[in-house]
Amino acid sequence: MAELNEANTGAGAILSRDMRLIWRHRSDIVNPVIFYLIGITMLPLAIGTSKQLLGTVAPGMLWIMAMLATLLSLDALFRTDFEDGSLAQFQLSSQPLYLIVLYKVLAYWLSTGLPLTLMAPMLGLMLSLPADGYWALLLTLLPGTAILTLVGALGAALTVCLRSGGLVMTLIIMPLYLPVLIIGSSAVSSAVAGFGFDRELALLIAGLAIALIVMPPAIAGALKISTNQ
Amino acid sequence: MAELNEANTGAGAILSRDMRLIWRHRSDIVNPVIFYLIGITMLPLAIGTSKQLLGTVAPGMLWIMAMLATLLSLDALFRTDFEDGSLAQFQLSSQPLYLIVLYKVLAYWLSTGLPLTLMAPMLGLMLSLPADGYWALLLTLLPGTAILTLVGALGAALTVCLRSGGLVMTLIIMPLYLPVLIIGSSAVSSAVAGFGFDRELALLIAGLAIALIVMPPAIAGALKISTNQ
Amino acid sequence: MLLAWQWFHRLGSPRWFYDKSSRWLIWLMPLTLALLATGLVWGLAFAPIDAKQGDSYRIIFIHMPAAVVALAGYYVMAVAGAVGLIWRMKLPFMVMKSAAPIGAVLTALTLITGSLWGHPTWGTFWEWDARNIFMLILLFLYLGIILLGSIYPSRDAGDKACALLALVGTVNVPIIYKSVDWWYSLHQPASIKFTGESSIHASMLYPLLICVVAYYCVFSLALILYTRHEILVREARTQWVKDLSQLPGKNQGGAHAKL
Amino acid sequence: MLASLSFNNISCERDERILFNNLSYECKSGTLLQVVGFNGAGKTTLLHTLCGLRQPATGQILWQAQDISLNPQLFKQSLFFLGHQTPVKGHLTVTENIQWLRSLHPAPSYTSIQQALIEVDLLAYADTHCHQLSAGQRRRVALSQLYLTQASLWVLDEPFTSIDKAGVAKLAQRLQQHTERGGIVVLTSHQPVELEHLQSLDLSRYQPSLEEHIAHG
Amino acid sequence: MLASLSFNNISCERDERILFNNLSYECKSGTLLQVVGFNGAGKTTLLHTLCGLRQPATGQILWQAQDISLNPQLFKQSLFFLGHQTPVKGHLTVTENIQWLRSLHPAPSYTSIQQALIEVDLLAYADTHCHQLSAGQRRRVALSQLYLTQASLWVLDEPFTSIDKAGVAKLAQRLQQHTERGGIVVLTSHQPVELEHLQSLDLSRYQPSLEEHIAHG
C-alpha cells in the first residue's frame, strides 16, 4: 500500500495495449497480408496468365488489392470498443481523444499497412511487374496505406454505431480513396514506363501530412457523434 | 386467453425474420451491389482506360469482384446471432438446425448474390465486355454466387467465435472459392471467344447441387463446434 | 471382429500410441536415414547428367518427392480428422494437428525448389503453370488449417473445426487439381511445357523412386515425432506422462519429449 | 403436465479443470430449483450442460427418465432456455422480435403476443426498434416468451438481471404459476429471490476435493 | 478530498420524448446516491449526461461549482465511470486489461495491480484470457479499477450485476470507504443495496406531467 505505482503514460499504454491486442489476434497481422497474397494469386487465374497482360495490369491491381486489404478489417477498428463500452472510457479518459485515436490508427497501420507494403514487391514478381516498378510500389504504398488507414478510420468512426457498418463504410470511404488510388497506381505505371514518380510521391507525402493533422480530430469528432445519441 | 394462436411454421419465420432484418439493414442489400459497382468503377482508374485492355480483363475482374463482394459481409452472417445468444436459441429450437441454416443462407443470397448477378451485365458494359459474354456472365454468376454463399457460410460458422473472424474466414475460404472462380471466369472468356459455355455451366450447377446437400449439415456442425466450448 | 475393434479403439489411446511408437522409431529412423542417403547420394552425385539441363535437373530428387508427399499429407490429415470426428477419439486429432505443419513445409519446399529450378530452366522464378498454381493453393489450404487451429480459444473445438475444414477441403482438392489443369489448357496453349517423363531415364528413375519412398518415411517419422510431442503437451496433466518425466532415463521416449 | 429431470453423477470441465463433480439431483414436477454458487462456480456451465448445449464430462442428464442425448428433438420441444445474453435484434421492433423467438418453437400458444406484451409492460413499445430500449426493456422482450411458451422445463440464467422491482415480482409470480401447473424451473440468480418452495443447489459443495485435484492434474 | 456535484434543473430527452424534467439535486462530499426508477425511467441516460457523454436538453451540471462543459479535461480527471457494458477485451489477460483501463487515467495509484486483483478475488486468474471468464468474473475485472482510481466522483450503472453475494458485500464496503474519505458515488441498482447513509433519487417523480407532455408533443 505504501509504495506509489507510477501508471504508464496513457497514450503510450494505449499503443502498447493495441499492439498487444494485435499480437493476441496474431491472425490479424497475418491476414491482410494473406488476403493480399490470395487476392493477387487469384488474379492470373481469373484474367489469364499471359505475362504481358499481367505486367500491364500489375501496378493497378497491386494498388487496388492493397486498398481492399487495408479496408477489409478497418471497420472492426472501433466496433468492439463501441460494443464493450471501451469507447465511453476513451471519451472520459484524461487523455485527449484524438491522441488515443492516433495511436489506435498507428497500431493498425503497423500491423497491416506496413507488412502489406513490404509484401508488395514479392507479389509484383508474381504478376511479372517490370523491374522498374518495385521501388515505386514500395515507396508509394508506404505513405499510401497510411493515408488509406487514416481515412478509413474516419469511415469506421462514422459507422461504428451502425450494425451493418462495414459496407456503409466502404461506400463512404471509397470515393475518398480514389485520389490515393489514382496517384499511387499512376506512380507505379510511370515508373514502369521509365519516367520518374517524384511528383506522385511528393503528392502522397503531402497528403499524408495533411491527413495526419486533419484526421485524428475528425475521427475523434465522429466518434463523439456516433456515441452521443 | 381462450383463442389458440397458431405460431408460424418455424423455418419460414426465420426466413421472414431474416428478410425483415435484411430489409431493416437496407444498406446491406444495396451495399454489396455498391461495393461491386465501386470496385469495378475504380478498375479503369487503376489500370488505364484502354478499351481493348478492359475488355480482356473484364470477365475475370467481374468474377473476382463479385466474389469479393459476396465474401465481404458474409462473416457477419452468424456473428450477431452468436453474440446475442440467438445461436443457442437456434440450437435449442425444435426445428432442425440445418434447415434454419439453409434459410439464413437463402435470405443472404436473395439479398446479395441475386442483385449482384442482375447488376453484372450493366457493369460488363462499363468494362466494354464483348457482347457475347453477357449471358454467360448472368447464367454462371447465378449458381456461382449461390455456391460462394454456401461455402462462405461454412467459413463464417467456423470463425463465428473468433474475434478477428472476418479475415480468418477469408483465408480459409478463398482456396475453396478458386474452382468456382476459375470455372466461372473461363466460361465468360470462352463465351467471349465464341465457344460455348455449356460445360462450365453444367459444372457449376452440379457444384451447386452438391453444395446444397453437403453444406447445410456441415455448417450446422460447425456452428455446434463453435458454440459448444 | 471383436479383436479388430479393440485394436481400433486402442489406436485412439494416446498412451498406447506413445508406448508403441517408441518401438517403431527404433527401426523407422535408421531406415529413413538409409533410404534418404541412398536416394540423394545416388541422385545428386551419381545419376547421369541431363543432356539439356545439365546439373540443375538434379533438384528433381528433392522437388518431385516433396510435391508427391505434400499432397498425400493432405489426405492423411483429412482422414485423421474424419476418424476423430466420427469416433470422437483424441489421438487422430493430434495426428491431424501434427500433419498440417509437416505438409505445409513440404509444400513450401516444393515451391522453393521449383522456383529455384525455374530460374535456370524457365528463365523465371515463377510461372503460372497449372501445377504451380495447384501447389500454391495447397499451401493456402494448409496454412488455413494451421491458422484456424491456432486461434481457436478451446483446443477441442479447434480440433473439430480443423477436421471439418480439412474434410471439405478434401472434396475441393481434386476439383482444384482438375479445374486448374483444365483451365490451363483452355487459356494458354502450353508455351513452356516441361514433360517430365521424357527426360527421365531408368538411371534417374530408380534414385527418384527411392527418394519418393524416403520422403514418405521422412513424413511418417516427422508425423510420429510431432504427434508424440503433441501427446506429451496435451496429456501433461495425466499420471502416466508425469511418471514419464520422473524417470527420464528409463524411457527413451523422454528424449523426444523435448523436441 | 408431468415432468421429471434428473442429473446422474454429472461433472463438468472447462479447459481440463474440473468445475464440479458427482452432482446428482432430481427435479420432479413442480420443482423450482435455484442453482447458487460464487462467480465462476460453474452455474452457467451447468445450465448449458443440462440444455444439451455442452456435453458433461461424465454422467447423464435424464428427462422423463430418458437420456437427453438419445432423443434431443423431443427434449428440445419441452425446453425453454434463456441465457446471460439477450437474444433480441436491435433492428427489429419489439413485436417482430417476439414473433421470431416464438417461431423457433412452433407450438400453438394460448396467449396472444398482445397479451404477452401487456404482461411484460411493453405494450407502448410494441413497434419500437429494440436498439432504442433500455437495458431492462430489452431483457423484458426476451422474457415475454415465458408467457408464450408451452415448454415444461424452463432454464433461466439470471433472469432478473436489469429488471426493476415490479418486474421481478411479476416474474416470480409467473415462475410460481408454472411450477404450480407441474412445470420445472431451474434458474440462477445472485439476487435474493422471494419464491415459495424454492429449492437450492449449492454448486460450491460439489467442487472437487484437493486430492481429486491432484489426482486429475 | 472535497467534492461537490449538483444538477440544476436538468431535463433529458430521447427521440424528442422528455424522460425527466426539472431535476435538481446536490451531492456534497461523502454522498452516496442511488438513482432509482422503473425500467426505462432514464437512469442510464441521466448517468451518461452527468458524465458529459450526452448533453442535457436543459439545465446544467456543476462539478466543484463549475459547469462540466467549461473545463471537461479537469472534470474527466476526477471521474470514474462504469456503464452497463463491461469494457474488457476477451483476448487480453486479466492483468493486461486492468493495466490498460488504468492507463486511461494516468495518475499515480497507491494500490498495486496485484493488490487490486486480490481485492476482486481474481488473483488466480491474473494471466487468464478474459474470454475464458464467467460473466461475474469479467465484471470483476472492470470493477478492479475501483481500487486503483484516484477519481473522487464515481458513476456506476448497475455495478452489482452478475456479482455474487460476497462480491456485493465487498463492493459495498469499498463504496462506503470512498464516501467516508469524502468522495461521491452515484449509482443505479435494481437490487436492494445495503449501504449506510444511502440517499435515493427516484426518477419517477420527475416525469413530465400529462400537461407538459401535451404541451411538448
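Note that the chains take the letters A, B, C, D and E in the order they are written out, and that residue 1 is the start of every chain.
Keep in mind that, in the parts below, contacts are C-beta pairs under 8 Å (C-beta built on N, C-alpha and C of every residue); 3 or more make two chains touch, one makes a residue touch a chain.
Bear in mind that the values here come from a model prediction, so they are computed numbers and not experimental data.
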Which chain has its C-alpha centre farthest away from the C-alpha centre of chain A? D
Most remote chain relative to chain E, going by C-alpha centroids? C
Dominant chain pairing [most C-beta pairs in contact]: A-B
Where the centres are mean C-alpha positions, what is the separation of chain B from chain E, in Å? 45
Intercentroid distance (Cα basis), chain D paired with chain C, Å: 48
Between chain C and chain A, distance of the C-alpha-averaged centres to the nearest whole Å: 37
Which parts of chain B, given as residue numbers and ranges, touch two or more other chains? 25, 80, 162-164, 168, 171, 174-175, 178, 182, 189, 228
By residue number and range, which residues of chain C touch two or more other chains? 137, 140, 143, 147, 151, 153-154, 180, 183, 187
Would you mind listing the residues of chain D that make contact with two or more other chains? 15, 84, 91
Okay, in this complex, where on chain C does chain E touch? 153
List of chain B residues in touch with chain C within their complex: 151, 154, 158-159, 161-162, 164, 168, 171-172, 174-176, 178-179, 182-183, 186, 189-190, 210, 214, 218, 221-222, 225-226, 228-229
Name, in rising order, each residue of chain B that touches chain D in their complex. 1-10, 12-14, 17, 20-21, 24-25, 80, 83-86, 88-95, 227-228
If you look only at chain D, which of its residues touch chain B in the complex? 48, 51-55, 73, 76-77, 79, 81, 83-89, 91-92, 96, 99-113, 115, 129
Considering the complex alone, what residue numbers of chain A touch chain B? 25, 27-28, 31-32, 34-35, 38-39, 42-43, 45-48, 53, 56-57, 59-61, 63-64, 68, 72-73, 76, 80, 162-164, 166-168, 170-171, 174, 178, 181-182, 185, 189
